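In what follows, chain A forms one complex with chain B and a second complex with chain C.
This part shows the complex of A and B:
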């Protein structure tokens, strides 16, 4: 009897594990750090999470369709360098437009290789990760770029301004999340993305143009990177060539923490938003408790592994399993 | 069946296994004698697979005892069960494709030399010895991925023979074998029996059970329903034990009102898969395609559905020539295909019942940019009622339904498209007896209500029961088309073996 009760407890922990762990973290941080639970701090965490969050929304769509996008980090570098560089040359509006077109082209390339040619998405986007890094350096000639008139430009709105009294990055993140959540849950397009990720073969047998659906997810992902680049460029008013380095893993971590399965076919935008916020709060909490920033990397990794473990354990119905 | 008094190879006593909310096994007891083939029957969900997993150490029973040669044992893991002489040959093969036959046979217990290096000479010699005993014509060093499914199964059996097996459990072993391969498998099973091994044989196929088994035991809803001596019973009695009522297949002699020609195929060929295939299907009739696996039946269906490009020939729908380059084209032209493999091709298992049914037409169910929930639920409700789909709600993931209900979802999905031609490939594969009858009746009713239906099947009783006309195929060719009433089992067997009958004209 005691054994079955223990098993039931294990089941609950396995199903709700990530939220329980998150709650424990929050309580811990609030107890040990006075400034953690202040409104300013909480708002600033959400604002800082916006860039990762915007990208993670796009990547979630790709992951639901059963693929990966690891190129978003270096795509962010490319996009940010481009929009900042062009800002002073052709003005903020055209700069954003040109940058978005360029980034969408990269998304189309990803989509063509994975969707039309059916190449493995891990290989393709890993290759794009380093290819785009090269492209960025070719574009900038290795020079870091910045915007001369940082106070006078309306471009400052996106990273530094407020809309209706709320920080602009938060507004953009929230609007994008709501729009994409509705697209995924309530449109025919969203349904097709889930079907392709859930069973690619059956989706073809159901008259879904699988290649086009996969293609489109990479275009969406690239568009989200473009938005993130606008927020980042506007916030920093300059860019290093490798500013997005490592973002691809943080983005993926947010997606996984939210509970979207890497196997495709399940997950939601909302879950990803939660995952990204968890990630943000944990990193912020550790920082406030005085841990060095590299400790965050370790803890983040532990949390991700824990999340993946609990996820599979919930599916198996037990924490440890002799068979897969 | 020789000695009735000898000790049982395997005996189960009051096995109970519960899962949350389900009593999968409720006090199951039966014994398998050494040197007998003991068939185990039951509908899907009756508890056969659970019982076998308990036997193989994959599940621990909540109550009950297991005896091997009257010695009580517990099975802690599959390896532990094997060490004690109980081996399970799975329905789905579990071989490492990239390794050799010998490596697979002795996986986990490869003979070693000093320093832990594999002793290849001994390994291959021992494996070849076992393969010889099984009359296998392949070598220990063959890569498993190069073998046919039947031969892979032999490798699984060879694995069982590396230990002193007391009992071997076969779980639906013939599901993907051709007739010739079945004969070889049955010889091996009989040979094992002659060596005094107790064999548990799980199958849906009555003919196999009656050819092979000495005794049979029946499970229903997790309960043990009794053991019969095969020679003293018949299909009717067994079926009644299994489903609690009798079910008979009748030949289809219904008179149908034939409508106009819905589909006509002229001289269709596709590389080496099939060639010069011509036939027509009228509204109101069911045309059956019968033949061995690989005869080209499924490939014809896939061509009509736009999944393959024909190398020659024309397809006419209601008298008009059409070009079908993709499933999207086929659906637009009014062709629906219920594919051969429900789980791989037919359904998105993680999706809800409703979402699966509406998937092919999801783009047409929108109001503005959004999918109309009302329209979707209406379609689901309609086909749930019409097909008698049993599911707690439309939200239920299809993967949680029984095989029969899953198949009804796939059929519903394609009926909802209101097709001009409905193709059903293997309508009842892997479905239990009760649901089979329902699906057959459904297909008959569809034809009666004016649909043009093509049924592809590997089961002769099914074809004879369901089809008005039967087309016999052999190696990519139509050997003969039987009109309603003229088909006999003998002539059909001849046709699918490539024997061109005298056509009687």
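This part shows the complex of A and C:
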């Protein structure tokens, strides 16, 4: 009797391990750092997480369909450089429109290569990671771009402004998360994405056009990158050519922390939101505690690897692999 | 008789050879350069453009311009290629100060003088290079410290946002700043230092955390203006005023913020001066002139007061 109860408890710990670890971290940071739990700081972390979060929502859809998207980091650089550069040339509205069209084209290219040609997504998007970085440098000639009139432009709304008293990046992140959660959980499209990722063969036999579904996930991912670029460009009011470098790993880390399986077929948008917030709070907490940067790297990645382990262990029902 | 004749022949050949060499020298130096990572930032991009136009403007110079794309292995291969091409001098902007030393040694052994530009190579390579041409980053850090003392009237609390960890420029500026600050105004305390990785968005994030953590920040020192402006963005968004921002490598955005009085000061470092100094150092070495081993070019302090003397940076 007691044993079963213990087992049940173990099951709960394993299943909700990431949330429990998150709670422990939050309590730990709040105890050791006075400023951590201030409203100002909590808002600031959520606002900072919005850029990674918006991208992670798109990547979650790609991962649920059983693929990867590593090109989002350099796509973010490309989109941010483009929107900032065009802002002064053709105005904020057209700049955002042209940039969105451009990243959607990149998303279509990813989708065509992975969905239609059935190429391995890891290789395709790893290639696109470098290719798009090259494209960015060709576009800008390597120069930094800046917005001249930072105070006067309404473009400032997206990264610096407020909507109904809440920081705009948070609002955009939340709205996108809710919309995509509904799309994924309550529409035929969402079910197709899960089906394609969960069992590609069966999905094809059930009449799902797998290529189109995979194609569409990359277009969604690219759209999310476009939104993230608007937030980032507006927040910084300028861009370097490598501004998104390394973001692909942070985004993927957020997705994994949320418990989305890299094998496809499982995961939810809301869990990714939690994963991204965990990442944001860990990095912020370590910074507030005054840890050196190398400790921050170490702890962040140890947490991510532990999270993956717990996730796998929960699915297996035991901590170690039954096959040695 | 025969021996005399031989001597005469030898003598004339030597003179002919000398004059030929002299003529060749006046005509053309073939100078190869392998750069660190063109296109990764505006500084390096402008540097390359300036180098190419300086080389084109000088009719005695034929330049072979290469870029390692941030890859040490590629840079080593490029140095070896330049040795094979038998260039007269090699200029190198090291991707990694340590890893390029063996290749630099090969060049020296092949009789080709090597000039290091912008960031120096590791000390064990000093025997193999003719000269280093570039900014004095320790001095720049020290100058920034003096600006900070001036801005805070000798006392206050500051935070520091450093460059990419492990990057020589970042390490030297931080050291120069900290050493000089302790000396010039010991009452200014550095509360914390975190890296901003030369990235404006990253340093904006770091500054946001600093602003939450400390309510008594009087000044910010950033390893370059790009990061300094990120910190300024954060402070403006939080509505915190009265903070003195001091950077280095004056960027256009920093120059403009200085004009508006939001940014206290910086160090003016021109990639054009950097590139031209490197080429001139190489030419001087080949002309056999006496070139100092550490050939620094001028990087003066810039504040709102004297900014009219400098043109706005192109990056």
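Keep in mind that, in the parts below, the second predicted complex is superposed on the first by the 309 of 324 C-alpha atoms of A that agree within 3 Å, B and C clash if a C-alpha of one lies under 4 Å from a C-alpha of the other, contacts with A are read in each partner's own complex, and residues count from 1 in each chain.
We take it that a contact is a pair of C-beta atoms (placed from the backbone, for glycine too) under 8 Å apart; a residue touches a chain by one contact, two chains touch by 3 or more.
Remember, predicted model here, so these are calculated numbers, not experimental data.
S.K.: For the combined arrangement obtained by superposing on chain A, do chain B and chain C clash, or do they fit?
M.R.: Pair status: fit.
S.K.: Does chain B (first) or chain C (second) touch A:48, or do both, or does neither?
M.R.: After superposing on A, A:48 lies in contact with chain C but is clear of chain B.
S.K.: Quick one: is A:232 in contact with chain B, with chain C, with both, or with neither? Answer first, second, both or neither.
M.R.: second
S.K.: With both complexes overlaid on chain A, does A:188 touch chain B (first), chain C (second), both or neither?
M.R.: first
S.K.: So in the superposed three-chain picture, is A:143 touching just chain B, just chain C, both, or none of them (first/second/both/neither)?
M.R.: Touch partner of A:143: chain C, not chain B.
S.K.: What is the contact status of A:106 with respect to chain B (first) and chain C (second): first, second, both, or neither?
M.R.: Neither: A:106 stays clear of chain B and chain C.
S.K.: Is A:279 touching anything from chain B or chain C once the two structures are fitted on A? First, second, both or neither.
M.R.: In the superposition, A:279 touches no partner, neither chain B nor chain C.
S.K.: In the overlay of the two complexes, what angle sits at the CA centre of chain A between those of chain B and chain C, given in steps of 10 degrees?
M.R.: Once the structures are overlaid on A, chain A sees chain B and chain C at 130 degrees.
S.K.: Would you check which partner chain A:160 touches, where first means chain B only, second means chain C only, and both and neither mean what they say?
M.R.: second
S.K.: When both complexes are superposed, which of chain B and chain C contacts more residues belonging to chain A?
M.R.: C
S.K.: Using the touch definition from the top, say if A:288 reaches chain B (first), chain C (second), both or neither.
M.R.: second
S.K.: Quick one: minimum Cα-Cα distance, chain B versus chain C, in the superposed arrangement, integer Å.
M.R.: The answer for the closest chain B-chain C C-alpha pair is 34 Å.
S.K.: Considering each complex separately, which residues of chain A are in contact with chain B in the first and with chain C in the second?
M.R.: none
S.K.: Touching chain C in the complex: which residues of chain A?
M.R.: 33, 35, 38, 40-41, 44, 48, 137, 141-144, 146, 160, 232, 235-238, 240-243, 284, 287-288, 290, 293-294
S.K.: Would you tell me which residues of chain B are touching chain A in their complex?
M.R.: Going through chain B, the ones touching chain A are 58, 77-78, 305, 307, 326-328, 330-331, 337, 339, 344-351, 355, 359-360, 362-363, 365-366, 369-371, 413.
S.K.: Applying the document's contact rule, which stretches of chain A touch chain B when the two form their complex?
M.R.: Those in contact with chain B are residues 182, 186-188, 191-192, 194-195, 198-199, 201-209, 265-266, 322-323.
S.K.: For the complex, which residues does chain C have touching chain A?
M.R.: 38-42, 44-46, 165, 192, 194-195, 199-201, 204-206, 208-209, 212-213, 226, 229-230, 233, 237-238, 251-253, 314-315
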